[in-house]
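Two complexes follow with chain A in common, the first pairing it with chain B and the second with chain C.
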Partner chain A sequence: MTPADLIVVGAGPAGAAAALAASEAGLQVVLLDEAFAPGGQIYRAPPQPLSVAPTARGADDAAGDALRAAVAASAVVWTGGARVWSISGAFRVDAVTAAGSESFTAPRLVAATGAHERLVPFPGWTTPGVIGLAAATILLKSQGMVPGRRTVVAGCGPLLAAVAAKIVAGGGEVAAVVDLAGPGDWLKALPRMASRPDLLRQGLGWALKLGAARVPVLFRHMVTGVSGGETCETVTVAPVDAEGRLTGGRSRMFDVDALAIGHGLVPGCEIPKLLRAAHRFAPEAGGWTPVRDAFGRCSVAGLYAVGDGAAVAGAEPARLSGCLAGLAAAQDAGRLPADVFAREAGAARAALDKALVFAGAINRLMRARPAMVEAIAAETVICRCEDVRRGEIEAAIAAGAREINQLKHFTRCGMGPCQGRMCGETAATLLARHVGSREAAGYWTGRPPLRPVPLADLLGQFDYADIPVPTPAPL
Partner chain B sequence: MSAPSDLAIVGGGIHGATVALFCARAGMKTVLFERGSLCREASGVNAGTLTMQMTRVALIPYALQAHAMWASAREWLGHDVGVVVCDGLSLAFTPREVELLSFRAGKRREAGAPIELISEATARAVEPGLGEGVLLAGHCKVDGYANAYLTGQAYRAALIEAGVDLREETPVSGVDREEGGFAVQTAAGPVRARRLVLAGGVWLEEMAAWLGIDLPIKVLVNQLAVTERVAPVMRTVVGIASGLLSLKQYPHGTVVIGGGWQGKGDRQRGGAELVPESLIGNMRLACHAIPALRDARLARAWAGLEAETADALPAAGPIPGIPDAYVCGSVHSGYTSGPYIARLLAQRILGQEPTDPLFPIDRLLASPAASPSPSADAGRATDEQPQHV
Partner chain C sequence: MTALRMKDTFRRGDAVTLTVEGRCVMAHRGETLAAALLAAGMARLRHSPRDFSPRGAYCFMGVCQECVVRVDGVLRQSCQVPVEDGLVVELKGSL
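On to the complex of A and B.
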């Protein structure tokens, strides 16, 4: 059991910033992450034996290196390869690490676990070769792999261009970029995006790369189906309106062996949910979000939630929100004088408000489009872990399921190893149509383990005689 | 105002729902109040084990009847709760457990449970997935499990078909006695009924207080865990002599690990928190019994509340001094025995002679006027741990 002043779970831009800010203020900080190096999804480091050619390195790689150098140079105790499975009390964190199951304790905890992808099901979405934009990003960044020889990149938001450009740079072919948004939506977002010229430039760079590779971009289109048996063979796309409804326009088909697709990001707030913090439904933040004050404090004393794991806003807001929570944790621990806190947190807060302008524009492009969920066919699988189709979900609602956890009981939707991450948004959106709102539909109750974990990793070495079996019940 | 109901039931778990079902089918105008949805507390989140080998001796005759009810749920309930009847094993790995198993199996056998003590080789023929080191096993062919999370869905359909006035999402704030019956207080106003059943599980204590009755109910916080779907690793219900393990693999491949290891929580917060050491301890027992489980991944763990009376025997019968008011709950092994005990109470309410004795609560009332029965004191060990199914 390793005691600290603060535990930070997640070492992306948000978690790393929280750890560094708190550490600089004098707190003893433990920083945990599943990955073997800090950086999170956006600054994911390639594994040690792999190296990235200097010419293939972009701005994200430099920022990631800087983040890793800052953590290494700090007093933060970094524990990589740590799969956090349980958080209990106030606070005890149990993680499976190379050393087995390890426990960490601290009176304060920062949750910085990032977002997960929203994916609205369509016929054939479970065909091998269909992967999320986030998964494609992992392949490209951490393994230097392209998803297929010829890929359609589809969905919405800036990840489209980022993934497509990286595939081209990695030697793959992009058959088409299929964007739910139209040129008008991007133009509308432009003034607010201009608040971050560096990111705008990065985006234009991706666009130029795609243009040079003559990659067709289909605006206001969506994927309507994938066919293929062992692997993805054909992707069909068709035009949609602003809300993602099919317009009846001509569909097109692409012969490809991969489809990278994502319909936006959802805050991965499993830790605040597990600890029973108050949440509110905030579509502009990607979905359910923990209720927080301006510095990231949740309704549970000592718990802070930051970054895309609390509200989807991108890397720079994540860094700033992490910094704020780190400062708040230090102040709450009585280690930061009020005037220093006011000065430093005030500056970070002002910068965050400014950064959120850009994030708002991006989130508008990546927003959920409930019309796409409404249009899902009865026979389409919603929960791929448990093979639950839309028709079964509708039948359960007709049989009286009024809340998402009850729907789970009725159908097994969300009971599988993805723990409801893939199907949760779709199931809740379907339920909300009947019960009036996403608030009424609710959210999955937070449960351990935070990620599925092999029993063997939890057991460790033991003798049967040493298992602390409680006293038997009366006969 | 509409005419009063014949029967109002507060609490929509196994007990309340079963009383409602049989009384409504017998022609009583029945209204059931549930603050949330049916069977979403103990009745929906328990491990679903339908075993004799973890049942208290005094409840074996009831559990045997209830097992038969579960096995035929499609007929009398009309809906599927995923019941599988299979062999059950209770294992002893140490001399102390051999002693415990021999004694307990003997007592349960005397009470009517068809438990045989068998050797390791015979046990392995029954359950090829067993680990090494089994010294003795209790074997019972009357065993099995239900899919507890399907309970609410099944009962909901059955109650609606039986014409029960089902009021889910309807918290009751109190009950007043009045001329000719009771007024059940809800946010939408009072609902009148001639008879009343309180079936609130761990919340029975608060409910009884509405009528000025002091019925202490202890709250257990039982931890449970389930793996992801895996290829078959076992085909029986497996426990250990102490009762601190229940293990079975469902037809869809998940393995549910229970046994009543305690988490943290209370009536107000529910099963709020799991204790990692207890989860690990429980899983070590499970993997010791069925080693192939080691390769499975833990998908989810949770905690549910179980009610227990001072003597760990049911509270099921009339409320002393208040005509036409009853309680039904706190059945140790409540999921297994619940339908039968609730049906006994329904028989009583319908003016029939129950086919087995009820468990009147006079013995449990905190008031010194009520003299506790000898059995109440016998079960009042302070360090006792619950048994769970």
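On to the complex of A and C.
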């Protein structure tokens, strides 16, 4: 058991900034991540010995290296390859590491576990070859692979252009970019996006690359189905209105072997939920978000939640919110004089408020469109782990399920190994139609394990012969 | 679905050989098992337990569990397993 002043779970821009700020203020900090190097989703480094060729390195690679160098040069105790599966008390953190099972304790805990992807189910979405849009960035950035020979890139938000441009640059073919938003939606977002000229320029660069490669961009369209048996063969798309309702316009088909699709990001606030912190439903933040003060303090004493794991806003807000929580933890531990805290936290908070202008515009493009969920067919699978269809969910609601955990017990939806991360948003949106609101529908009760861990890793390697058996007492 | 290894923009580790369903599959150190299987054209990794419908890697970040396979006899998330020379992989995982 390793005691510290502060444990940070998640080493993306949010967690790394929290750890560094607290460590600089004098706290002894343990930083845990299941990845082998800090960086999180945006700055995920390829695992050694895979590496980006020097000529191909971009701004994100440099920013990621700077983050990793800052952690390495600090007093932060970095523990990579540590998958946190349980947190109890205030606070004992259990993780599976290369060394087996390890526990860490500290009176303060920063949850910085990042977001996961929202995907509204459609016929064929479970077919191999259909992957997440954010998931595609992992293949492209940290594995140096293009997902398929020919790919449709679909969904919403800036990752569309980012993924499509990286596929083209990597030598793959993009059959089409299929965007839920229309040119008007992007135009409306422009003034707020102009608050970050660097990111706007990056986005325009992607658009130009797609234009030069003559990739068709279908605005206000969505994927209505994937066909193919063992793997994706054909993707069908059709026009929609601003809310994602089919307009009845002409549909089109693309013969492709891969579909990268995502409908936005949802905060992965499993740790605050597990520790029973208060939450509120905030569509503008991606979904349920822990109730926090301006510095990231949750309703549970000693717990802080930061980054996209608390409220989806992107990398720079994640970094600033992490920095604020690190300062707050140091202040709460009595290590940071009030005037220093006020000065440093004040500056970070002002920068965060500024960065949230850009994030707000992006979040609007990536917002959930409940009309798409309403239109899901009765026979479409909602819960991939347990193969629970929409019809079964509606039947359970008709039979009296009034809250999401009840729905889970009626149908097994959300009971499988992904613990409801893939189906939770859809199931809750379906239930909310009947019980009045997402608040009334509630959220899955947080339970360990946070991430599944093989039993063998918890028990360690042993043989029967190694189990000590006391010699029987003489008769 | 067959993933393409980018040629000029990435430097790859040494070649390793895996045995997948009795077949030899080449990969490079630094790759995850899920990515290496995709590059070998193996998109279908398992079947869902209730409907027996084909499934493959979906999130690549350890969340969805769709990429579970047997590695040297043990169920593992292939997107979280680095390839190593001599791994024996069976595509019949289920949690």
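Brief remarks follow.
Keep in mind that, in the parts below, the second predicted complex is superposed on the first by the 460 of 475 C-alpha atoms of A that agree within 3 Å, B and C clash if a C-alpha of one lies under 4 Å from a C-alpha of the other, contacts with A are read in each partner's own complex, and residues count from 1 in each chain.
Keep this in mind: a residue touches a chain if its C-beta (ideal position, glycine included) is under 8 Å from a C-beta of that chain, and two chains touch if they have at least 3 such contacts.
Since this is a predicted model, take the numbers as computed values, not measurements.
Legend: residue contacts after superposition of the two complexes on their common chain; A:Arg280 is shown touching neither chain B nor chain C.
Within the superposed three-chain model, A:Pro417 lies in touch with chain B and with chain C [touch as defined at top]. By the touch criterion stated above, A:Gln143 is placed in contact with chain C alone, chain B being left untouched.
In the superposition on chain A, contact is made by A:Pro452 with both chain B and chain C. In the overlay built on the shared chain, the residue A:Ser103 is in contact with chain B alone; chain C does not reach it. Of the two partner chains, chain C is the only one that A:Ile131 touches; chain B does not reach it. Of the two partner chains, neither chain B nor chain C is touched by A:Arg343. Taken together, the two complexes place residues 385-386, 416-417, 452, 454, 456 of chain A in contact with chain B and also with chain C.
For chain C in complex with chain A, the residues that touch the partner chain are 1-14, 28-32, 35, 38-39, 43-45, 48-51, 53-66, 68, 74-77, 80, 82, 95. Chain A makes touch with chain C in their complex at residues 34, 41, 46-53, 55-56, 83, 116-117, 126-132, 134-135, 138-139, 143-149, 169-172, 229-232, 257-258, 381, 384-387, 416-418, 421-422, 451-452, 454, 456.
Against chain B, the residues of chain A that register as touching in their complex are 85-86, 88-89, 92, 94, 101, 103, 276, 385-386, 396, 399-403, 405-406, 408-410, 412, 415-417, 419, 445, 447-449, 452-456, 458-460, 462, 464-465, 467-475. On the side of chain B, the complex with chain A involves touching residues 37, 40, 44, 54, 56-57, 93-94, 100, 103-104, 107, 133, 149-150, 152-153, 156-157, 168-169, 226-229, 240-244, 252, 254, 260-262, 264, 269, 272-277, 279-281, 283-288, 293-302, 312, 332, 379, 381, 383-387.
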